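Each of the two complexes below includes chain A, the first together with chain B, the second together with chain C.
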Partner chain A sequence: MRRRVTVATTGVAVLGLACLGVPFLLGNYGLHLLVLVSMYVALSASWNILTLAGQLTLGHAGFFGVGAYTSALLALRLGVPFPLGMAGGAVGAAILAAGVGFICLRLRGVYLAIATLSLVEALKIVVLNVPDFTEGPIGITLSPVFRGARLPAYFVMLGVAILPVLATVWIKRSKLHVIFGSIREDEGAAQMLGINTTAYKVFAFALSAFFAGLAGGFYPHYITYTVPDTAFNIGLSIEAQIMPILGGLYTVAGPVVGAVVLTLVGEYLRTTFGAANLLIYGIAMVLVILWFPDGLVGLGRRWWQARVPVPVREGVADVR
Partner chain B sequence: MPLLELEALDVCYGDLQVIWALSLAVERGTIACLLGPNGSGKSTIMNSITGLVRPRAGAIRFQGERIDRLPTYEIIERGIAHVLERRRVFPFMSVLDNLLLGSFPPRGKAKRSDQLARVFALFPVLAQRQAQLAGTLSGGEQQMLAIGRGLMARPTLLLVDEPFLGLAPVVIRELLDIFARLNREEGMTILLVEQNVEMALGMSHRGFVLESGRLVIQGPAREVLESVELRQVFLGRP
Partner chain C sequence: MSLALLAQATANGLSLAGLYALVSVGLTLVFGVMRILNFAHGEFVMLGAYASFWLFTLWGLDPLASLAVVLVLMTGLGALIQTTLVKRVLAAPHLNQILLTFGIAVTFQNLALLLWTGDLRAIKVWYSASSLTLGPVSLSLGRTFGIGLAMILTGLLYLLLFRTEYGRALRAVAQDPEAALVMGIPIQRVYILAMAIGAAYAGAAGVVASVSMFTYPLIGFLFGLKAFCVVILGGLGSVFGATVASLILGLVESFVGTFFAQGSSWAEAISFVILLLVLLLRPKGLFGVE
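Our next item is the complex of A and B:
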């Protein structure tokens, strides 16, 4: 147990130093990649929060897009500075998600996924069809933050990425851990124990979307524009789901590992193999999910336990 | 005043009515059982008491107050624990976490450690296996866990849906003893649904027999057991 904790602490320390130090050594391209990695960590870690409460969703592109458009419109129409715009985007996404969560209360499993997926398309169509307010398909152009400097932009996105990870740690250490776990394992039984499952599910939706909206709120300021097709891009929903699954569901590190690996591998394949990159990406994904159903984190843990046999009392959610 | 009172209850699933004008009362400190063939509406009644199903008409009163419009978590907080059919423990959680979740309502939380000791005294096997995942317990142990989890909320009324389903006779005897002890030592009121008519009536003070959603027999357990109508409900009329 102690050994495991030490390993984890060392890992976090090394990672932390790398996150803070390495960017100073990188050029614009490397920094841009790190911004993308951080954005995907935010999406993947926030998606994982909903999964902790047993809610399988595909609406993250919608929450991201609402964050992006809220923040972009606040800047365009009211001249609101970007940190406030990001907060507005996050709150907007959280409010929307709370509503969606409440409406979808009775939907389980794949039906919830379908309903939230259609939310993304619905939002995109709405944004496309009120051009007087949203600028429609032309999109919104914004002036670059930090005069286009990538380093400070990276640190903002890093902060956005760390928040949902910290929230996951908080959930896992608080009583929410078992409450979310009970809803995930048997919602009816959880309800019978006097747990207000409605309230906790809506809370999980709002919390998760808050972080997705925060990432969305910064992204248009970073790339200086937003259009409906990139803001409400279903691909983002899919990535936000695949990354935690590949990294290791219900864990703290899983979504982070998944996002880092998939973003960098995806970029490598894109620049190396050209048009065939998605084919290779897809095959690799299928193989990994077939061979390591508990993800890269689970694989690492098994490897570590085989090497250093320590009696471990598994946490509630980690054992699936 | 009865502890639990159902008055002229109608319950429907969509357009299909499954409970017809049902009235029954469970007195404080007694064990009562709800009997009837498959599909006669036993579980539906249990589920309407804790708000999983909403009755179309009629009233449900607990300690004299109507509870049929309250959300489930408030009904539980008032002192009803419902041990669902087929145990429904959380398989990937430890036995201890399962039990602690049972004391989620404020009335259970205040005396959590006392109650945990009490449950471990009733079911020593749960104390031995508290760190184990609930899904790895045997069927009988899972049923004990489900009942223990219900008791963690310190209920006034314990609803148990088919507790003996698929269990070994020796485990059934143990559970029968536990129900009797809870009733005798703590004055707990218990309402249970059971398929084994003789056993259920043998452990109860009162029996209620349902047929196609209507209450057809009720009375002291011994009288119900000896009644001719009971045989007619289960074996058919001549």
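Our next item is the complex of A and C:
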């Protein structure tokens, strides 16, 4: 166990230094990729938080889009600077999600999946149909943040990405780990044990959407515009799901690994074969669910354990 | 609001309802039998529409004739997907079932986008321009065929469900799979039957859609969303409920589109409003049992 901790710590340290150091060596395109990777880490890690609490949603783009539009509208209508806009976007998304969580309290499994999948389309239709307020299909154009400099933009997005990952670590180390796990495995039993599942589900929704909204709140300032089709894009929802699944559901590292791998692979596919990236994601989703449901992190762990047998710590329950 | 306009809106609503019914009876049947909501169901519509489009464009096959081909093809595809993929997650957690079928949907959607591009495709058949006129109401022949086809196929499904041994097996498995198994019903084959019927019916809807509207990769996703609204409104697992709910959604959409200012763009949001209300007030739907 000691050894694994050391490995993990070293890994995190190396990764941290790479995140801080490497960007200085990169050109504009490389930096843009890092911004994208960070954004996807934020999306996939925040989606994973909901899944930790047993809430399978298919509409993460809805929270991202609300963040994007709140932030963009704050800038356009009130001239709010982007950090405040981001906060506004995050809070807006969290409020919406808390509402969704509250409405969907009684809904389990497929009902929740349908409700969240439809939510994105519904939000898009609303945004398209009130052009006086949202500018409709034309979208909102914003002035480039940091006068277009990529390096500071990357550090902002990196911060946005780190937050949900830290939140996942916090959940895993607090009593929330047990509470979320019990809701996930058997909500009825969790209720019977006196857990206020309503409160925890709404909390999971709000927390997850807060981070998605934060990412959404910055992205339009970075790419200088937002339109309904990209903000409420089903593709974003798909990516936010497939990344944690490929990386390893319910883990801290899974969403990060998945986001890094798939963003880079997806970008490679997009530039070499055109729009093949979503196709590959679909196939990957099917294959991973059927044949290695614990994802890359699970594969890596098994490979490592086969090489270095880890003695079981006594008196400590095996927690996922 | 004139009476003629009302009649016209009703006719348009019925043609929408027919399409929705064809898509959703299969979706709800599959859920009733397997307790799996197939998120890839809408893609059968998309594939049916493209099959009809290509059969017409390449070989000049009339959509009415290609309907037979599509029914056979989609039956086979449904059975194939059931035996190779969905079968493996029957006992898995909801999460795996949802994500698997969603993954299948994403795959088909983007395969279509890659192979056939995102262009809107239309078929020009001899009856495209002609329409059936009945007093003040006029409905394009393609749509009229659609309504007729929906009525015939839905009728056939009821006959199958309530007048044949296969239907009895389907209903038995829907009621209680274990009891059905004990009674000697081969439930795995019943699952295949349900999925094949679902795929074939959705494929038929695709053929109708290819004539009366446009064919494009996202059409399946959009029809899938509508079908989810319909099956939830009707009650998950209830074929009768899905039929009634299709009528409701089709008519309401048509009326809103006709009688409200900028109604046609808001009509698209109706299904989501209905979905939300049902989920809030009565999650088991109109005729649901759960």
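Criterion: the second predicted complex is superposed on the first by the 293 of 320 C-alpha atoms of A that agree within 3 Å, B and C clash if a C-alpha of one lies under 4 Å from a C-alpha of the other, contacts with A are read in each partner's own complex, and residues count from 1 in each chain.
The working rule: a contact is a pair of C-beta atoms (placed from the backbone, for glycine too) under 8 Å apart; a residue touches a chain by one contact, two chains touch by 3 or more.
Treat the numbers as computed from the prediction; the structure is a model and nothing was measured.
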*Figure out whether A:V286 sits in contact with chain B (first) or chain C (second), or with both, or with neither.*
second
*For A:I195, select first, second, both or neither according to whether it touches chain B, chain C, the two together, or no partner.*
first
*Which holds for A:V178: it touches chain B only (first), chain C only (second), both, or neither?*
first
_First (chain B), second (chain C), both or neither touched by A:D186_ = first
*For A:C19, decide between first (touching chain B), second (touching chain C), both and neither.*
neither
*Name the chain, either chain B or chain C, that contacts more residues of chain A.*
C
*After superposition on the shared chain, which partner residues are touched by A:I103: those of chain B (first), chain C (second), both, or neither?*
second
*Is there a shared patch on chain A that both chain B and chain C touch, and which residues make it up?*
none
*Where on chain C is chain A touching in the complex?*
31, 37, 39, 85, 88-89, 94-96, 98-100, 102-111, 113-114, 221, 225, 228-229, 232, 236, 262, 265-266, 268-269, 271-273, 275-276, 279-280, 283
_Quick check: in the complex, which residue numbers of chain A touch chain C?_
51, 56, 58, 103-104, 106-111, 113-115, 117-119, 121-122, 125-126, 128-129, 234, 238, 241-242, 245, 249, 274-276, 278-279, 281-286, 289-290, 293
*If you look only at chain B, which of its residues touch chain A in the complex?*
50, 52, 71-73, 76-77, 82, 84, 88-94, 97, 100-102, 104-105, 108, 131, 133, 149, 153
*chain A residues touching chain B - in the complex, by the definition given at the top*: 178-179, 181-182, 185-186, 188-196, 198, 313, 316-317, 319-320
